[in-house]
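A single structure is presented below for examination.
Order of writing sets the labels: A, B, C, D and E. Residues in every chain begin at 1.
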Amino acid sequence: MNEIVLKPKDHTRISLEAEVITPDSFAGKSLDEIENMMLYQGNRSVRLKERFDVSGSPCDTAADLRIIIDGDAPRTKRVGEKMSCGEIVVRGNIDMHVGAEMTGGKITVEGNADNFVGREMVGGLIHIKGNALDYVGGTARGKMEGMRGGEIIVDGDAGDHVGNFMYGGVIKIRGNVGQSAGQHMRGKGTIIIGGNSWSRVGCEAADGTILVKGKVHLSTASLGYGCIGQVVKDPELGGDVIEGEFYELRADMGYEPKCGIAKVYASVGLNEHILPGGRTSVPRKGDMPVNRDMLPYLKIYHEEMIVKGGKK
Amino acid sequence: MDNKLYNLVTKEEKCYGCGNCVVACPVNAYNDPAVAGGKGPEQLDKVIMCVENGVIKILNMGLCKGCGTCIEECPDGAIGLEVNYTT
Amino acid sequence: MTTETELLIKNGIVYDPINNVDGEVRDICIRDGKIVDSVSAEAKVIDATGKAVTPGKVECHSHMVGITPTSARIMRPEDIRTRVSASTDVRRAGGGRTVPNTWELGYEYAKLGFTRAYEAAVTPLYSKEAILEFNQYPILNKGIFTLFGNNWFVMDYLKSKEQDKLTAFVSFLLKTTGGYAVKLVNPGGNEAYKWNAEWNCHHADDPVPHFGVTPREIIKGLCIANEELGLPHSIHLHTNMLGVPGNYEVTLDELNITKGIAVGSDSGRVQNTHITHVQFNSFGGDEWRTFNSKADEIAKYINQNDHVTADSGNVIYGDATTMTADSPAEWALYKMTHNKLISNDTEAEDGVGIIPFLYSKKSPVHSVMWAIGLELLLLTDPWKMFVTTDHPNGGVFLDYPLIYSWLLSKKTRMEEAESSHGWALKRTGLGGIDKEYSFYELVIATVAGPARSLGVAKREGHFSNGAAANVAIWDINPLEDDLSRDPQVDKLATTAYTIKNGEIVVKDGTVVSAPMTPLDVAHAHVDYEIQRTVEEELKTKFKRYYTVQFENYIVDPDLYLAKSDRIDVVSGKVHFIPYATQTEEAVK
Amino acid sequence: MIEEKENIVCPFCGCLCDDGVVKVEDNKIVGTRNLCRIGHKKFESAQHGRAESPRIRKNGELVPVTLEEAFDKAAEILVNAERPLFYGWSATCAEATQVGCELTEACRGIIDCTATICHAPSIEAIQDQGAPLSTLGEVMNRADLILYWGCNPMHAHPRHMSRYSVYPRGFFRKRGRKSRTIMVFDPRRTDTAKLADLHVQISPASDHMLVHTFREILNSYDVTHETVAGIPADAIRETMEAMAQHQWCILFFGMGLTQQMGKDRNIDVAIQLMHELNKYIGIRTTLMPMRGHFNVAGANITICSETGYPFAVDFSRGYPRYLPGETSAMDVLYRGEVDAMLNIGANPGTSFSNRALSHMAKIPLINIEPHNQQLLQISDVVFSPAMVGIECEGTAYRMDNVPIKLRKVVEPPENRLPDVVILTEILKRVKELKGKGA
Amino acid sequence: MEMEFILSTGRSIWQGEGIEAGCDSDLYFNACARVEIDPDDMERLGLKENDTVKVVTKYGKVVVYAKESEQSPHRGLIYMPYGTWANVLVEPLTQCTGMPNLKNIPARIEKTDEKVLGAHEAIKYYYADGNWEGTAESLKSYYDIH
């Protein structure tokens, strides 16, 4: 695996648009050709070498080329956009649109990532070791088909709208998630959330499956739709078996034409309060929100969400 | 003021100038088609009150029949009906 | 630059159907933006040997400006992203495919050889917005079709049978809201839709709730008003029950309504009714399973009757945005596709419906619609059937060259038919048609026909002396090349030169200059007495039923229509007063 | 001699009331009629407290200068900026916005209007769901069920109820207030709720749940919990039952839905409810965002027809790009990615959040603002223009996107130019500098 | 005595009038430098009309007058009209929609006797001198760390 190391110098407050940093555009180029590649900062264009020290051994085929950004690049956007093969490793933080619309290859970010991780992705693997902000695997405004395939793994927390308008692929988030995870899911995508989810999981989802291992703090009525599914033990999702018992709930029943094919699995121990009354049975005792007070839930959303600079 | 049985009393510091009373009043709506369509009055001699300088102003108390619709429609209690039983 | 320039187009292959010039090699001389007989020696020369030279094309029906396309732009940012263009010193930045922004529309239409375009549907209440956006629309001459089909005042006057007041109201509304022609969309049906999404006028004698007026009366009344005023263009009719199987009977029935009405204008038009995007209205069968084409019957009717012209409204496979004032049709599409729908009802006037739509080759219905459009064009006389896709309903104006190639060559047409669904050949008569358009017929259907039908044939669309110098020079030699074997789609897509009022605006597919152009407004004169009574009645009704004051409803000429050509129509005679001379008049 | 000018359009809120009467005495506004309290105050204090005309901040102090010098300084700031932000466009006319788009394109900056703190989430929801819209006249003539959700028209749009939705006698609603039912959904018992037939007092921040419960009932499922969003289950069923008895329903929604958590998702679900009411129950339902500023709808429409996107348009690569969250004013200021800003037709001093304003204090700021607002403390080049709708003409768009021409009431004070003229001057100089520099 | 509330900001007719009268007028000062509290909550907090209180959220602190809300009852909810004072407290993050979070923010109210600043000094103190970083030290925002 040939490596090209980009060592970020000083990062200015105005972010860099670095969609050329992909194995496909680096393949078959010599070092000084790579150094003179164009990055865009605001309405100016900047040479690559003014922002990064380039070293390493270039090679002709993109497949066995690994680009290492060793250091913090919190203001470098669109790294790995539309890449088809090869590998990118970021040893530090990265800005928005990392791995947007990528069709293959592998991206590993050891620090935090910003919004739109893996936007409208078709294939490949993105692994964020830190936190990722909103719209992980989401879509740009207005588009009705989002992420089609590939896999995104986030070890830390993620923000709101994970997997928005998702059509396929797998998103695994080990930490907590904000609201509206799996909003408007339209295809056979899978979202697995290790921690808690704030609320509105699978709201207006037509298809696909969402699994929440932790607690869904607030049920939106879309989880209350439909009959109580049976309790599922160790469902097999996203290529591996997840232990534990889960309630199988059906997401948005009103969303034509698929009406409730989307499945939401919520772990048994923590999510009794969101179980739906269902068409036949008496509505559950108890209120949603509990004793009509939203303050504790708002405190969770504003104070404890690590992703939004909360207490760690 | 004429010695009518009732008088409209307005508190200008509370009035929002929203015109609910002007438009809701059946007399205004009957006399002036613009008020019936929700707009400001055009024939000022035929309407009981209008919004002037941002607050309510009584023009022709004589036309008022004391039905109290305006009091019902005022959110802030800026218009009231004072009935003097003595005369 | 345009005043003193002289231009000489040397020995191009000239096509001028209005003067029935079919492919003669001639020179064309231009001075001060007009065609002249001869030009002095030091005139600028364009060598057009072996190149076809045609007058500038006319787009007779397209949704470009106004609340409808702008709401679609707001709703579809993903469409703007598909195609973006950076700003150069001449061009403004922009983008978009089905709903480009106004600058992009002007440049792309000019590159396709168009020099005149008409906005297909504007509700009078929103006309100020359409005019403001047309002021940001470069190069092409433009005009607005104002919507009358569901106007409350029109229905009131028809209900009380006051035809002269209706004529006065039509002239008043066109003059005060900057309109050029009378447009009817689903007459009566939109008013029913405003009560309940499922209601509609299902045939010509289906009365409108509360007003009790039938579409037949609306079409007849407005056609009579249009001919009494002698407006340059006839009524522009979008018949009821668009997009429903079996609606060809309604179309034929509604075309018969205006059969006997005499044409009252000397603007050169022959028809008193122009039916628009007729492809959507020539469906056979009684449900989608038995859906077939009735293009042959519609074509037969149009060929036999001279009181009708039409534009085809073809379908081109790919992404499109259906936007029309016919809200019931859009509601049916919403229930079918569950896509994002915008529907906007205007008070006392028409409504609008916008929904993104994908025409796919694999769908049987879309393939039949694709074939119907071509059948209509091939079976009808090109003087009466013009080429449009009702941009962006059936397809995008950027793909017009595809339609030209299917018309010019049967081979490409049959390739496309074979690759689409089997119904395209089974349920329509496209397979049996061998007719191939010649380049001359293509110029008729895109230039001379629309120019004559829209009433601009007196001053544009041909090369006789005094005509406006709008010329498109194509890198095609129709005499030598056999267009039926290879229709040269890319050469049809961009002109070698487009000349607007004597100024070269497009050279080899790049925009070299983008002058701003005026807007046509029709001022039809009606005797003062009726006009005053109608205005008094409008004032009282405005107080009760509109939320805008009467004085603020009228478009203020000096702020909005400063750069508009006035077309005065006095008892049937059309006088064209360009805005340049208006200012001299005002100064005098 | 007092002269009464008729049909004056009030340039304050989204109602754009055009039946105002302004009394003028030798170019002084002395009184108004038919305008609400805020409209009256706008006309009354239009000519007082005007900021001094062009001033430039030199070593900490705003010093008056000539117009030429101010235009040159402004153009120079904008040309040297790497990422200039052109913000506001909602209290000025559509013609000025057209020139603004050209200026942004020339400087390759970001153009954004006050919709980002008003109804941007509504536009984003329309981009996901579409929307059944209508004009205010349709509401007056046909509506018999009026829903006010998360908005307080008595305080934000005082004449809205009396001019358009509740009190006027419409074509089919001849008895005015009595032929309509009014429902208000608000956590507080607002003045609008006091006039309503039914006030549903939701617990704050749970509107999304209540909309979903309505959708549930529509799709023939039962309410899931004993009380949802603080409303008992049978009260929700009765509200839905009552809503279904009407012919024509309009939902007015405001900041209550757009500014709280889940912003565009609240509107997204409300639009889905409206579509389902249209489809299943057969009531004709439409909805309308209560736009705040008088020309914010105009700014959206003009920027959209000029560039293709409704707001937050970034020209830094030469072609327009739109990604709220990356190119919208608040995010760009929050992350400190802007190095120059032009503010026109807006009052960030009273509406911007803390972090955005503290960054604006660090960068050169050109402020086109008639009055002596608090933003002058941190602005570097100050123009005081003629006020649109009072001292110069223009076009504004009402909350239902209907364009209305603003009229001129009085002459502007000396050397106060309309916004359009100021922007075209700056644009001319920017093009010269760019031409020289290229 | 401290209590937890939900803070909501929005328009009021007096705030609209105050903006038009000019931000250095006392109309604007009276309209916007206030927090409207439910009468029952006022009793429990032991506050009277026009007491100066400090409203604290995670994003900032500001000193304003406490006023009894005329549009009550709304237990547990406090309301501040838009203005320089309210905007110190709101959450500037926009969750990718462009709109900051101006409503439904958890807040605390404490009695203080500090002076309420006028509009011009407020903008100077809270924003212009960059003092904002000092007042909201607790918010090491995501954008700063990362």
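In the analysis below, contacts are C-beta pairs under 8 Å (C-beta built on N, C-alpha and C of every residue); 3 or more make two chains touch, one makes a residue touch a chain.
Quick caveat: nothing in here was measured; it's all calculated off a predicted structure.
Student: Just tell me the minimum hop count from chain D to chain E, counting one hop per pair of touching chains.
Tutor: Graph distance in the chain contact network comes out at 1.
Student: For chain A and chain E, which third chains touch each of them?
Tutor: Joint contacts, listed by label: D.
Student: If you tally contacting C-beta pairs, which pair wins, A-C or A-D?
Tutor: Higher C-beta contact count between the two pairs: A-D.
Student: Quick check for the class: compute each chain's Cα centroid; which one is farthest from the centroid of chain B?
Tutor: That would be chain A.
Student: Determine the chain that sits nearest the middle of the structure, using the mean of its CA atoms as its centre.
Tutor: D
Student: List the centre-to-centre spacing of chain C and chain E in whole Å, with centres computed as mean CA coordinates.
Tutor: 56
Student: With chain centres taken as the means of their Cα atoms, state the distance from chain B to chain E in Å.
Tutor: Computed from C-alpha means, the inter-chain centre distance equals 37 Å.
Student: What is the distance in Å between the mean C-alpha positions of chain B and chain D?
Tutor: 32
Student: When you check chain E against every other chain, which residues touch at least two of them?
Tutor: Residues 6, 13, 76, 91, 93, 95-96, 104, 141 of chain E touch two or more partner chains.
Student: Of all residues in chain A, which are in touch with two or more distinct other chains?
Tutor: Each of 115-116, 134-135, 140-142, 160, 293-294, 298 in chain A touches at least two other chains.
Student: Give the residues of chain D touching no fewer than two other chains, as numbers and ranges.
Tutor: Expected reply: 19, 37-38, 41, 124, 127-128, 140, 154-155, 158, 163-164, 169, 191, 204-205, 261, 315, 317, 322, 324-325, 335.
Student: Which residues of chain C touch chain D in the complex?
Tutor: 65, 67, 69-71, 73-77, 80-81, 84-87, 92-96, 99-104, 125-126, 128-129, 132-133, 136, 152, 194-198, 210, 334-335, 339-348, 354-355, 544-549, 551-552, 556, 559-560
Student: Going by the contact rule set out above, which residues of chain B touch chain D in the complex?
Tutor: Per the touch definition, chain B meets chain D at residues 15-20, 22-24, 29, 34, 36-41, 50-55, 73, 75-76.
Student: List the residues on chain A that touch chain D in their complex, please.
Tutor: Listed in rising order, the residues of chain A that touch chain D are 13-15, 17, 40-44, 77, 96, 115-116, 134-135, 140-142, 160, 179-180, 183-184, 199-200, 203-204, 218-222, 224-226, 253-255, 276-279, 283-289, 292-294, 297-298, 301.
Student: Which of the residues in chain E end up touching chain D in this complex?
Tutor: By the definition above, chain E touches chain D via 6, 8-13, 16-17, 19-25, 32, 59-60, 69, 71-74, 76-77, 79, 82-84, 87-88, 90-104, 119-120, 122-124, 126-128, 130, 132-133, 136, 141, 143.
Student: Which part of chain D faces chain B closely enough to touch in the complex?
Tutor: Counting only chain D, the residues touching chain B are 19-21, 31-41, 44, 140, 154-155, 158-159, 161-164, 166-169, 176-177, 191-192, 194-195.
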